[in-house]
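Next come the structures, one after another.
One chain, subunit A, links the two complexes that follow: it is found with subunit B in the first and with subunit C in the second.
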Partner chain A sequence: MASLLTRRLQFSCLHRFLRSFNLNCGNVTRCASLDSALSAFRSICGEGRVSLGEAVREQHGKDESLHRCCPPDVVLFPGCVEEVSALAQVCHRHGLPIIPFGTGTGLEGGVSAVKGGVCFSLRNMDQVLDLHQEDFDVTVEPGVTRKALNSYLRDTGLWFPVDPGADASLCGMAATSASGTNAVRYGTMRENVLNLEVVLADGSVLHTAGKGRRPRKTSAGYNLTNLFVGSEGTLGIITKTTLRLYGVPEAVVSAVCSFPSIQEAVDSTVQVLQAGVPIARIEFLDDVMIDACNRFSRLSYPVMPTLFLEFHGSEQSLKEQVNTTEEITQSNRGSDFQWAQEAETRERLWKARHDAWYAALALRPGCKAYSTDVCVPLSRLPQILVETKEDLIENRLTGPIAGHVGDGNFHCLVVVDPSDPEELHRVHLFTERLARRALAMDGTCTGEHGVGLGKRALLREEMGATAIQVMQGLKDVLDPDNVMNPGKVLQPREI
Partner chain B sequence: MNLTTQSAASQPIKVESVGFGWPLIGCAGRWLPSGASTGFTLKCFRRVPRVKVNVSSTMSGRVLVGVKRVIDYAVKIRVKPDNSGVVTDGVKHSMNPFCEIAVEEAVKLKEKKFIKEVVAVSCGPQQSQETIRTALAMGADRGIHVEVTGKEYENIGPLQISKIMAALAKKEDAQLVILGKQAIDDDCNQTGQMTAALLDWPQGTFASELTLEGDKIKVVREIDGGLETIKINMPAVVTADLRLNTPRYATLPNIMKAKKKKIANMKPADLGVDLTSRRRGRYRGRRSARREEGTVY
Partner chain C sequence: MASLLTRRLQFSCLHRFLRSFNLNCGNVTRCASLDSALSAFRSICGEGRVSLGEAVREQHGKDESLHRCCPPDVVLFPGCVEEVSALAQVCHRHGLPIIPFGTGTGLEGGVSAVKGGVCFSLRNMDQVLDLHQEDFDVTVEPGVTRKALNSYLRDTGLWFPVDPGADASLCGMAATSASGTNAVRYGTMRENVLNLEVVLADGSVLHTAGKGRRPRKTSAGYNLTNLFVGSEGTLGIITKTTLRLYGVPEAVVSAVCSFPSIQEAVDSTVQVLQAGVPIARIEFLDDVMIDACNRFSRLSYPVMPTLFLEFHGSEQSLKEQVNTTEEITQSNRGSDFQWAQEAETRERLWKARHDAWYAALALRPGCKAYSTDVCVPLSRLPQILVETKEDLIENRLTGPIAGHVGDGNFHCLVVVDPSDPEELHRVHLFTERLARRALAMDGTCTGEHGVGLGKRALLREEMGATAIQVMQGLKDVLDPDNVMNPGKVLQPREI
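So, the complex of A and B:
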């Protein structure tokens, strides 16, 4: 009897799991409300900016996650905030879902049009507006990507340091509260967005800190800016963001150090931070990952847990930083401490870290990789890493680990064969166990990637009923008809 | 020709030879169709031992670097409605990317103590001074702004610029002139070569590696068949190609310091240069045909 029950449970779990990866996407036939909306769309942004082509829709229905493509019914390419507002009003009138789209580099299925609807592709709004060099701020539109902004700023001695890896749209990064390797020193998007211009579900345009305002700090009213940072398109369409800039570091030194165990590597990290070293990047690669990188990039790092470090500062302060860090790593049984200042040597030292994703994929050619993402307080990091590695071995999964240890955040790059449902199921259970392990250690189920489609249940566990009620209340106020990116972040109320 | 052999080993094998400014002829290597740098060569000449020596005392130790203010490479170019040119008003301008590489190389030579002074030169209207300031922030010591404005600036081309550069090279007693290989707005790829011809100096164009050896320069050039290594006497003209180096970003402290460095102003007439254009006809731009979205059945 019990075995029958467990088998039934397993089947329903499997069924639910497979459905989450193979959602019934959108409306297959265009409904009448869409047809009447189409003529309104065309009159607002022009014939050439409204696309019904299947290839265009499929392109805008998926991102870099493993979630299946859910194409929207129509893709619009507005050119300015007035058009976005007018188009949003039309969608609101007809009850059509609105999905904002930046660069499609998200990792949690945030752009999947699970209920069909209208995709607002904002790539034509690609101007850098209002650079204020002395004030260290700049305002950009959604089509400006991180690398494009840094290239624009290269003559000014300023840069925007948040680096999530992909060349993502800055407004998209604000929408998902992106972070990156530099977060330990420069912070994440939450700390670096000063103001947002948001188009709400009914078309009204909101300036979260007041129109054109960019003070470095404020205590005026409720913090609407940080409400929208991380809202993943469920509260409004971000059409402008004012960002905090930093000075380009005078000099950069990169270093690498191996450790006999994870505990020593994390201990070194904690001690480096406690010593007050303003380290810019501190990245951890476990032995499986180092082995993969050695094979992929033909390097010869010792196959041990390794820390990759980067220091920013003036020439004198760099010497001091490197010396302090070397002493700390040596006291923690670190070996093979190498460091370099010249650009080419630095590239070579960090090559393993840069190619980590491809090295992981190369472990099993023909497979896809899924990156988990949890964040725990630093003191619990060794325990969760050790338990996760045991879990991977027990479940016969390939999962090299790369982490931003300075923040207690790490990713398992689980390499999985997408055509093997049994393996997909094991991966899904593993990620749930990992997220629950992190929650049990006072952590979060998503450090950088966002909630998107796959982590809605975990968000409920993490936040608790009251917080979810408050979030649902805010959503009801800003988007009572649930047209803004439905199906993401918050679960539907029926469940 | 000297070609690098990319074998299974991680280090490419370079065979060097002395050509005294002429490329090697009669190479018996095999030319492979794929890739620019595969093949091998015979060592035909006696190899001269490489001796890195600091600049000799007879040379001035001064390098002239030309920098051009162009429309930024990331900007979408639009043609003016009357087809007379491209829209430049309100459009972001910056230093030509190949000129950035040239400035970086000159600053690297100064840091390695092969040369003593880097002078950045730009010809154009008042805004060209911003480009010179960027070069100063990257490490140049002083700037020269040759003022060319209005109609003259619209009609100026590589011939006039090379006359100016040649006159300046003589005036400043430069031992090396480094330019970008071409500008991204006109893609002429002529200024470096013309400057060398006017000065009757050797030229090392499309440089992807540059080494000073006593009073000679070893230049590795990127050519169609691969890489060619030549050794030329100084003074010389070198033009920078893409892989010569990665230009540094200007940092804020350096930008502050650059504000105090001097930029000398002069007119082409002060250098005895005549700017009359030999070109006939005006620019006629044409927008490409509009692509209409249609229905595929």
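So, the complex of A and C:
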């Protein structure tokens, strides 16, 4: 069985190789060495942790995006950094692509094995390693998800706030520079990663801030930590991350407020921030989105532009935060707050927000969703939201909008029939127009999902030729053979 | 006159070249081309903005540290990015080192022209370019200092909080990853720079987040912004920085509290942070430091371990922050708070804190000061502070201690007679022991001053060989000829 699969693997590798290079030399030696690579993998992490099964490979070739599944040739399940390093050395010797895999909850095709190769599934490395309560930091392995970490922290009075919705792995969140609903208060992964352990393309092990170091700030040399945060597996495999933690707030309260117009919802957001209210979450849902959430989560909010808000603090400070915010929303013709004070009610509210994806899908059963991810300066939000809604209507697309408006970041959850090429094309054109609209407003095509496969051309437009050359130069230094998650972030060079 | 200086310049260049390479070939061509470089400089920015004067060169070869003055061969005063780019191209063609210069307030010899070359003084590029009040961001040229920006913002209700004490240029602060007294609340330059314009070694102009872009968050490709923040001029010349701004707090109050021991002062700090008090400043001064400040600033605080505190917020929230903090300090045997509520009294208090450097110097008139800069996890602070004070006493050194304890960062302001080589040697050994003590406690040798000249060997110990190799690789990509502020951050390679 294994040898049959090995032959298939060799054939698939050969086929891809011929196709990508359009010539037929050199590849035989490379593919012939796969047998020896497989045998080396097995001797490093054991037979049971090297999978050639089709179902396993399929499962690891796809994330939650619309990007097509490109299964890797083999999936490895290493158990420790030493194994990851040894396995990477084998890949390096054999020139095999490496694709790191956390939970597969990405949204830009980051785990797609577009050039085949070896998927490193890190789910077995799932230990919380070092918790320093007094220092507000913790180190975790890549199999630890954000929910698992917060469960682990339950009795410590501490928590890790970055929350992209999905129960993603924390190292995966570092790799994609994730953020989510409460970045407005606690920052993104960029601000919350203190140190990373990374296995580089040649198998060497890098500690981006020095081994075991965890000062809250540093000026020691180039900031390697933030070079790897957001590098989407293209510079190395993150095998440990040291994170900042926060004290669990004494009190939490959530509220919902509806507005007659988008402008008034966004104006409220800007004014709340200007007033210095340390708001923990301020989420915008447009009328289409709130309608979808009402249906999916059995809620009954008015079908109008809406803000979901959350306040963290002491009882006393909550009162003041809420008063200031309510004054501002009312001066912008917002409704009275609908409260969610009990943990259960709050959880229901935020579950509804996090279920927006499924609520959008439920609008058109059998369809798939693609989430756009632009981010613009706050003052440009009303204009881009209005123009985007007009664009959706003009182009007969279903695309409820939800956004982290405190950061200027919003998502259009475009629901599309994947079997309809014409509609897919319309979606594609829409997402490009939306991204260019954001670029024209000093914004970015991706606030938190990353570039992956889908935004490589847009990245070039956004950054300009010099920045892309610099990025390519950094990639070449760290991964001269282009084996680390090839084809992501940067476009393949012309040959 | 000019030709005489040019000849001297050629000689100095020749001499250095021979000394550093210990051979006598190749340099004649290089130095012979200086005349043509000078003429190109003059044609780009005009005769008056190319200075060969000894006093000007001396002034630009030194910062506020103990590192010896290494004057550049020539100082340029460009007026715009186009001139910086054209001048850099000339340097590139002639292989001349480039040393960017802001205000010269650095503390690690960053502007010292150790290989001679061309100083780019950026003081004439002093415009605040784009203020977006609703978006809480501003773009400034490199001649704008933090005080100048805050004056400019006076009537807008906004301010830029990062405050290293000195009135440094904001681009210089980005270059050294500066922070200071209120990083505990507002973060360091790493968290507050949104975009940089950088002239690279070959004169090309890079916008680290894309030209004119200013989203509050982004996942668009590698984080080039934070690669240049803290790069100390060794990767490029920062010619613009886009910064986050904050709303001016409605109310501000400062207080001073004395403690029977260092442990109790630090325990209070940890507990205040654990309680989630959004404290704006929490500064530690040891007994020696408070004594020096009392004398220098005519104050009369008890000569004991002391915290200087500052709270920002609404009137209501201040009350609560102060109550919580006072409960904590009293449970740790802290004194009653001595208040500074009026702007004038507060300014006097923080001026005394910022004058700590001069207060330390005044302890031994005629001496110079060197500031150490270690940063450790909070829980390790009491031990490292106690051991460091013992070390100072054992080694007969004067070194008052002041620290940003909310971040685990403290400075020992060692006052030394620069004409006494034996004492200088003792200081050197002390600073190395202190740095290694911090490294042994998971900390860093530099929390905010940078590596510059003095900490290159310690950086290697702190980061490990792989990280240094990666840093060197990044340097080689961006500056293949090693002309950007050579000799800083990374040690010269063996030839």
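Convention: the second predicted complex is superposed on the first by the 452 of 495 C-alpha atoms of A that agree within 3 Å, B and C clash if a C-alpha of one lies under 4 Å from a C-alpha of the other, contacts with A are read in each partner's own complex, and residues count from 1 in each chain.
Assume a residue touches a chain if its C-beta (ideal position, glycine included) is under 8 Å from a C-beta of that chain, and two chains touch if they have at least 3 such contacts.
Owing to the predicted nature of the structure, the values given are computational and were not obtained by experimental measurement.
Asks: So, A:396: does it touch subunit B (first), subunit C (second), both, or neither?
Replies: Neither partner.
Asks: Name the contact category of A:212: first (subunit B only), second (subunit C only), both, or neither.
Replies: Second partner only, subunit C.
Asks: Which partner, once the models are overlaid, touches more of subunit A's residues, subunit C or subunit B?
Replies: Answer, by number of touched residues of subunit A: C.
Asks: Who does A:154 touch here: subunit B (first), subunit C (second), both, or neither?
Replies: In the superposed model, A:154 contacts subunit B only, not subunit C.
Asks: With both complexes overlaid on chain A, does A:493 touch subunit B (first), subunit C (second), both or neither?
Replies: After superposition on chain A, A:493 lies in contact with neither partner.
Asks: Name the contact category of A:204: first (subunit B only), second (subunit C only), both, or neither.
Replies: Second partner only.
Asks: Touch test for A:298: subunit B only (first), subunit C only (second), both, or neither?
Replies: The answer is first: A:298 touches subunit B but not subunit C.
Asks: Now for A:343: first (subunit B), second (subunit C), both, or neither, which partner does it touch?
Replies: first
Asks: Both subunit B and subunit C contact which residues of subunit A?
Replies: The overlap between the subunit B and subunit C interfaces on subunit A comprises residues 157, 247, 249-250, 314.
Asks: Please give the residue numbers of subunit A that touch subunit B in the complex, ascending.
Replies: Contact set of subunit A toward subunit B: 47-48, 51, 148, 151-152, 154-159, 247-250, 298, 314, 343.
Asks: Spell out the residues on subunit B that touch subunit A in their complex, using ranges where they run on.
Replies: Against subunit A, subunit B makes touches at 10, 72, 74, 92, 94-95, 134, 137, 246, 249-255, 293.
Asks: In the complex formed with subunit A, which residues of subunit C make contact?
Replies: Within the complex, subunit C contacts subunit A at residues 132, 134-137, 157, 176-179, 183, 187-188, 190-191, 200, 204-224, 226-227, 229-231, 235, 246-247, 249-250, 270, 273-276, 278, 313-314, 316-317, 320, 324, 373, 375-379, 407-409, 439, 442-451, 455, 459, 462-464, 466-468, 470-471, 473-478, 489-490.
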